[in-house]
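In order of appearance the chains are A, B, C and D, and numbering begins at 1 in each one.
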Amino acid sequence: MKENYLLITFPSIPENVGLARVIVASFAAQLDFTLNELEEIRVATSEAVSNCVIHAYREQSGEIQLELKIQDETLSIKVIDGGCGISDLDLAKTAAYSTDPERMGLGLVFMESFMDQMTIESQLNQGTQVLMVKKPERSKDSNDDGQ
Amino acid sequence: MKENYLLITFPSIPENVGLARVIVASFAAQLDFTLNELEEIRVATSEAVSNCVIHAYREQSGEIQLELKIQDETLSIKVIDGGCGISDLDLAKTAAYSTDPERMGLGLVFMESFMDQMTIESQLNQGTQVLMVKKPERSKDSNDDGQ
Amino acid sequence: MNLELKQNGRVLTVVVSGELDLSTSPDFRRRIGDELEQNQGIQHLIFDFKETSFVDSSGLGAILGRYRTIAKRDGKVSAVNVPPHLVRLFELSGLLKVMTIDPSLEEAEKYD
Amino acid sequence: MNLELKQNGRVLTVVVSGELDLSTSPDFRRRIGDELEQNQGIQHLIFDFKETSFVDSSGLGAILGRYRTIAKRDGKVSAVNVPPHLVRLFELSGLLKVMTIDPSLEEAEKYD
């Protein structure tokens, strides 16, 4: 199978973080990821979706969109919220920085280190969009046209 | 948790039938279903989504929408395609009736017998919408206000 | 889905593991079909479902299709190690009219 | 997530099974927090992660939070049966600066 996609919308409640992990991991399993890589994808997804629940919408409940895509043997995960937005992206990405004293400020760090690529776009009071990309190591060795 | 929903869109390729099963089963697990009931939900989902792939879009590829909802401790699954539609719904529901000689004509029969409720709406050349509803047996015993 | 085919005399045993549905049944049809065609000496078919995690009507159709070939050879199709949820599907589908469920592989192999 | 708390002298052992994330960490904080509050004699905390299938930064935060209480009592926090993927998260998060990974429960229990 060469290309596939999955668009998902769900409310920002903590119970759905685990659901998002299951969905992303099952979708990702259509590529040649190792168990360890799938584990990294699960953590990155968990962080991105948790951020929507905790930070983007805080006490209120909003909607989270997941856009999953497989193209050129590469997985991309877009996590989109319509929440409060991030005022300083560089600061947010700093290890141990969090606007919540109870939290570790490691979510964005994990997302960056566990995925090949991570980019954020955010607008205050409009929302945040995180794009994460990862290609199985085993597919990187082979020719780019797959097999 | 009282209410939840999940809206999903994906292309009508056979590989996504298994994915749909995983998603629906994980979502359904937020209710108090037994393993046997979850198995029935997996079969019903598999039949409904397979029908979109095989019958609704045939050789072409189209989009399938899944709308999952939890309300009043009840699961509802809507499977929507924009395919060829069904001309005679009663005939289609008949056991062993299939327009494809290779198939058993049991999909709709399984969906009806494994779920509490199953209704189909269809328009020729517009598409088909299947609604399936199921409440955990264990929740039926208790008061209707849950616990 | 993964298939393991073992021939023993006139009996072909197929161990089915994983999920047998729309996406895997074409492979199931082809692999077993090829084996039956290339080896006309095979008369009986035993499916071992111990490791089968899922079957739906696409899978049942694929199983039934293999029966048709065996019936032409006056053979028998039997199933062993059938998990409870599959027993129910086999019943509902009428597959048990043409396929027997045997208590064990040893019992089923007596067809030879 | 499921927690199993066992006290032995001044040591509280917590067997964590399942997933420790945003939805389960409040329960983790509360259950262990209550135990530590009600039982001021507890000085050391051992987490057994043998059955832990998933932890993310919400879970790591919940673990670190329990360390703060123990540190006030001059106690130690240790982890046993840590699966490889968790070792890496513990390292990356800096949690290993305050929590030791012990080779076995028996070893960890020597703190008492």
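The definition used in the following text is that contacts are C-beta pairs under 8 Å (C-beta built on N, C-alpha and C of every residue); 3 or more make two chains touch, one makes a residue touch a chain.
These numbers come from a predicted model, not from an experiment.
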Where chain A and chain C overlap in contact partners, by chain label: B
Chain located farthest away, centre of chain A as origin (C-alpha): C
Whole-Å gap separating chain B and chain C, where each centre is the average of the chain's CA atoms: 27
CA centroid of chain C to CA centroid of chain D, Å: 49
Centre-of-Cα separation between chain D and chain B, whole angstrom: 42
Chain C residues counted as touching two or more neighbouring chains: none
In chain A, residues with contacts to at least two other chains: 15, 18
Pairwise chain contacts, counting only pairs that touch as defined: A-B, A-D, B-C
Touch list for chain C against partner chain B, complex: 19, 21-23, 54, 56-58, 60-61, 64-65, 84-85, 89, 92-93
Complex contacts: residues of chain B adjacent to chain C: 14-15, 17-18, 21, 36, 39, 42-43, 46-47, 50, 53-54, 102-104, 106-107, 109-110, 113
Sites on chain B touched by chain A in the complex: 1, 4-11, 13, 15-16, 18-19, 22-23, 26-27, 30
